[in-house]
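Both complexes below contain chain A, partnered by chain B and then by chain C.
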Partner chain A sequence: MHDTANPEAAAPVIEIRDLWIDGKLNETWAPIVKGVSLSLRPGEVLGLVGESGAGKSTIGLAALGYLRSGARATAGSVRIDGTDLLSIPEADRRPMRGTRVAYVAQSAQAAFNPAHRLMEQITTVAVKRGGMRREEAQKRAVDLFVALQLPEPNTFGERYPHQVSGGQLQRAMVAMALICNPSLIVFDEPTTALDVTTQVEVLIAIRKVIEDFGVAAIYITHDLAVVAQIAHRVAVLRFGEIIEEGALDRILNDPRHPYTQSLWALHDMTLDKSDQHGQGGGALLSIESVSARYGDFAALTDVNLQVEKGATVALVGESGSGKSTLGRVITGLMEPSEGQILWDGKPLATKVQRRPLETLRRIQIIYQSADTALNPRTTIRKIIGRPLKLYHGLRGKAREARVTELLKMVELSEAFADRYPGQLSGGQKQRVAIARALAANPELIICDEITSSLDKVVQAEVLRMLLDLQDRLGVSYLFITHDIEVVRVIADRVVVMQNGRIVEQDDTASFFAPPHEPYTEKLLASVPDMAGGWLDAIIAQRAV
Partner chain B sequence: MTGKPNPLFSMILGRIGLGLVSILIVSLVIFSTVSLLPGSYAAAILGQNATPEAVAAFEERLGLDQPWFWRYLQWLGSAVRGEFGLSFSGRPVIDIIGPRLVNTVLLASITAVIAVPLAVTLGIICARYRGRPIDRLISTSSLAAISFPEFFIAYVLMMILAVQLQLLPSMAGIRDGMSFGEQLYRMILPVLTLLMVILAHMVRNTRAAILSVMSSAYVEMARLKGESEDRVIMYHALPNAIGPIASVVALNLAYLIAGVVVIEVVFVYPGVGQSMIDAVRNRDVPVIQACALIFATAYIGFNLIADVISIVSNPRLLHPR
Partner chain C sequence: MEKSIDLPPPRIGRFRHIVNLLRTAPRTAKFGMVIVGLYAFVAIFAPWLAPYGEAETVSRIPFDGWSSDHLLGTDRLGRDFLSRLIYGARNSISIALITTLISCTIGCMTGVFSALVGGIVDQVISRFVDAIMSVPDLIFILMVLSIFGSSIPNLIMIIALLTSTRFFRISRAAALNVGSLDFVEAARVRGEGLVWISVNEIFPNILPLILSELGMRFCFIFLSIAALSFLGVGIQPPAAEWGSMVRENAALINMGDITPLIPAAAIALLTISVNFIVDWLLNTASGLTDEN
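So, the complex of A and B:
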């Protein structure tokens, strides 16, 4: 990216040395950050990359001398302008927060107080501790709103958090961080909770103010593609340790540690598209002119869609576009107001209660969050065994054998059968959810954002497994997702939804090849590219 | 923003309407159940040897021979006018319970004026110093206070303060002739008892309401902005905990009107609960009905106010998009 002015000369804005932090889990303390050292020069941006649970946020918060309850620093130092934050009392740390080091949280929607106006929340640090008068602080806030391209900057601050969109709120939080002109900002996954199209806007805004204000930043994310647009340097974190650190270009083009290389797994996962599935298989499921509404709100309008036998259809769109509603209509959890759903050419009952067991068996659904979809108080054996009994009447030894077989199918060992969901990782839980769906021997599985709460590496593994299962079992997938990357890997056909309507349907190859529908164009352009300079290109393009 | 009616008004109007409907239903239930009670007032008054003719004449005089729905409408009409009709003893019901209601409201008001600010403050202190000795002291003692029945607390206080230390009178029988100062002095023991009973409940709920907000992301954000812990509680947490605090306060205020019967009996305080007990003893149905309706109205009214407060304290409703 761009160069920092002579980074070697200036003193570091933050220097973390050999930091050890313990976390409390089930009443025992175990290290979650193990000897991390970091240092940033003024104006430098460090990308801190890793999976969830790697300790990224813990380190980010430690940069403000803040430890969540259930965490304690056991060794090391965090120096800001020479002061070790960990060795001074909380009362001395507090004045530095917001003034010298500021924090931008993952979800601005949760991190802004619903009870107060934005302006009040944004200026409070400046007025209380930044030595600014109220009018001064408000003027600076308005300037920041302008710099962050917020609408109606003069009156924007009068609104309450709920009166502002998610992307705007996230930028307002960046304004809040910048209000006292700190020398360092910690960005903790600031775009993760946003839709791709919104993410670009926020990324552009963040990039711009980082450059304009010359502030140093620790940018925490699990998405290498995002880091590639923002950071000068990248540190890769795993199990609380930095396993690789280097200049952005070097990490992007020449990752050395095997783990860093595996972070590219999904990006590198190319599929042999020669064996297009479902060609000539005939339509398994056809949705004909289906509309559905929540009260007055039209959630689906005139949706026409087909899923062929053994094919994967990806249903793409931003949150609120009606993807999940369509899934609910297909499974019979929600009644359409118009249109019908055909299964093998015969109409399906609209209500799940009126569908025969055999129909229920054929259509299974897997949810986004395996955490909430699996009963935490039953063993995996029971979870998978129940549909076996319900649909196939399997009992005793036959059922046990089938459970083992299904676990094997989702690449879990037999030993998992007696564990509880709480003892499994996110990826393992999602595999159990998949095994439970497979237990019915379904012909169609509706996958509702099933990989979006998983890390990239795990995501790639789960997708590969799904494709594998499709080859062996001939099952069809309706894959609901907002992640274009996933679509590229798994889909035979892509259906794009916006505001409850289908705006484009195409097979995957032609979907990714131009020309595109305008909305598809926007969607595709918003997906961060691994190559550095992608954001620069967008900014340049807009400037024209 | 202009011209569009704020959904707040329709919501509040809706709540008030629902409250009125609830009171109406409750009044119907009260009237019909009390009418269904076994035993006849006439038979009770006239004694076992009364002739059927005498009983019939007596009932006619009191209007008991009318169809019950007609009597219900008449009763409801007089209740709306604040009269509640005539008691079986011939005096207007309002003359019997009116002065006593004033006493009950006086006792409740004095207790509330002390209890509500004190409870909210203690709750905030507990939340502020969560897990520290002061929090443990308040939490444990409030748990203890909740665990004892109210009459037990009343007798313990009476034994210590009135019998052993002889500081306060054990009887709270206030009369019209007394000076207000004398009345207050006599009310100290019942007020203390009621304080112990309702404080605990409100303190614990205030503490819980604030703590549940304390785990939210915006509280962590406030700390990361360098806000002091006092400000985190008062400015960031408390405004978001007002709804639940208001509803527990409402419940306790309603208890002060309707639930103090036991305390009134223990301290011989001439409140409305006492008159209800007397009425039950005498089978004086109109008085029982009037008391029940007043108690129900207190509960519904206070909960209505709490509802409105929690609606108004929600910025999403107060400031719609």
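So, the complex of A and C:
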């Protein structure tokens, strides 16, 4: 699809052959990468796709000859321009990093040192290892800022990391990777932490510099839609093995391995719209002209919203739009400055401490990160059992039975009850968090970005499970998310927020049908399409 | 859609886990554990191990040299030095241990409480603690002991109170960190009380940090008791205590006799051993957090 790659012309930039890497877990070594072979020619972009824990990042770092502590290579070779990185001493590998192979990390926020100016951090490698003079490096950095379409390229480098937005910082890291003109860049989920609208900007910038500079790239992601816009070739990774590899078009149109096919799960998932929820019931929760502020900052302005019995309302918006703040106001963790919240027609106390236990029981919340939402020192049995005791006074055998039942509901086996959260995968933890919410027999569950830290496959499973549970239990969901695809699958009604205000509120069907509000239009246009060429279309459209 | 997620690998039992942990401990930590075990053994079985009584005058010769009757000689009152050393372990260690436990309890409870309540209450408690910490410990203790008299309960209470400020600081800081996590917020939204949250959500997560602080503070308390005894206001004669044994027999050093250095060395060895164990605990504790 892109004409920059010329696969047959030159010698490979990188050749990974039969790479085995062991990881250390609980004092024992087990293989996490099992005989992976890859090779890239100059200018070629390989998409490395797989769920978390598949070994994507381990392979990405191995391409730099780097292994995390607790990992060791047991066999195979990683050749960059003919040199086997794994057989030379670390002191010889180090000068190659940043100059011949570069790395772009997932979270730019965590990767930049907040105490230094961007320019300083971007040019360091070029000055120390690339043999450039400082002025030379700075001039090149400014050129890169221009190429990456960063604002005010001449002074951009003088800012500190906290003074630029997430998307800009991510592009600054791409500049850092490109500064020495490497022959290979490893992109490790560079857009995963970004909003959809920001993601597009970063994707466009990455695509452009890859083409302009003719650099080869390994693009690691779990999002096939993103890979479809960037890569020439795709390798699908599972449990440390490449299970399918091929040209982008082939993988997109004719996936052969069942696992690759299942990566489409969420995309292909459709809700039977004839079975619209929440039509019969009245409003369970109504938010009436609620405003809230952090100091002088107005986080919410005049928000009106209703959630009907048994319905799913999706609350959509970019980060910082006030979605989560609204969740906090509903749960009583934050007091609104104006307006009121009605529950079944009666006003709710604004502070959580003043709400009776019976009210607290009816509204449960599930958090984005199950890692921090579950106490790591408590067994799953206790975590799920606590609300049972607190709200329903269940003890002993009755509680045990109910815990097992709840685990079954979230499709986990009984054996999980005695485990600690640290022993579970991300998806399993989220299921436990859902079970804990269900333990209360709630009438409304606030789901705060609960699928955004999960892989597509796991996401689809969790969403399907939530819909099943809704059918069985008649619970309402207020689904806070920035993922339009999730909205399409799960919501009965969509509410769009921007800068603390509601800008659109509509049934799901009419929400996705034009005409749209301008902001909604932008939001919808930013969601990557599975088909290749979507980004090309956007770039072409902008060029006009 | 009746599918359960497959079973993860078998769980390691708690006992096996502890054995594993001990087996993989570094050599310094093992050394520390052996020494501390030895001290504990001596302290517990002192009456059976010591050849003579604690305050028993067994020889008419003061400052007698080393002999087969009195392995480490006698002190200025003709008491057996080895026996006093053994009894000294009992007094010094038990008092230091009790003091450490009391100060830890006071400090951690107020620390976690202060962090969870926050606001003005937190400010008042914290500034009060700062005020206490700003006075040098030894001078503070000397002052209080000279007012209330030098008795073992007084000694324990004042040192425990002063040390609890350190426990307060560390447990408050740790509780603030843990308290900002979602599971604590979830507990608040669920309607849990302050005590329940402290005991079930906060405390298990700050325990490793507190345990290591416990070891360190034990050393410091031990040293301050020895120092106070050396100054003459600590544990009062005739009870044997290593600090006072150094002082009482210090004159011997002028005569080229190293006997008074033995209790000093005993203090040093215990301190080093406890620190070895603490270092190892700290390492494994920080390792625990990135295990997930």
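Definition applied: the second predicted complex is superposed on the first by the 541 of 544 C-alpha atoms of A that agree within 3 Å, B and C clash if a C-alpha of one lies under 4 Å from a C-alpha of the other, contacts with A are read in each partner's own complex, and residues count from 1 in each chain.
Note that a residue touches a chain if its C-beta (ideal position, glycine included) is under 8 Å from a C-beta of that chain, and two chains touch if they have at least 3 such contacts.
No experiment lies behind these values; they were computed from the predicted model shown.
Using the contact criterion defined above for the overlaid structures, shared-chain residue A:208 touches neither chain B nor chain C, since it reaches no partner. When both complexes are overlaid on chain A, the residue A:79 reaches neither chain B nor chain C. In the overlay built on the shared chain, the residue A:24 is in contact with neither chain B nor chain C. In the superposed model, A:116 lies in contact with chain B only, and not with chain C. Residue contacts after overlaying the shared chain place A:293 against neither chain B nor chain C. Once chain A of one complex is fitted onto chain A of the other, the partner contacts of A:257 are absent, as it touches neither chain B nor chain C. Using the contact criterion defined above for the overlaid structures, shared-chain residue A:125 touches chain B, although it does not reach chain C. Which of chain B and chain C touches more residues of chain A: that partner is C. In the superposition on chain A, no residue of chain A contacts both chain B and chain C. Here chain A touches chain B in the complex through residues 61, 64, 66, 68, 94-99, 102-103, 105, 107, 110-116, 124-125, 128-129, 160, 162-163, 176, going by the rule given at the top. Of all residues in chain C, those touching chain A in their complex are 1, 3-5, 7-8, 11-12, 20, 24, 181-183, 185-186, 188-192, 200-201, 204-205, 207, 291-292. Residues 26-27, 331-333, 352, 355, 357, 360-361, 364-365, 367, 369, 371-378, 386-387, 390, 408, 411-413, 415-416, 418-419, 421-424, 428, 431, 436, 440, 464, 468 of chain A are the ones that touch chain C when the two sit in their complex.
The touching residues of chain B, counted against chain A in their complex, run 216-218, 220-228, 235-236, 239-240, 313, 315-316, 319, 321.
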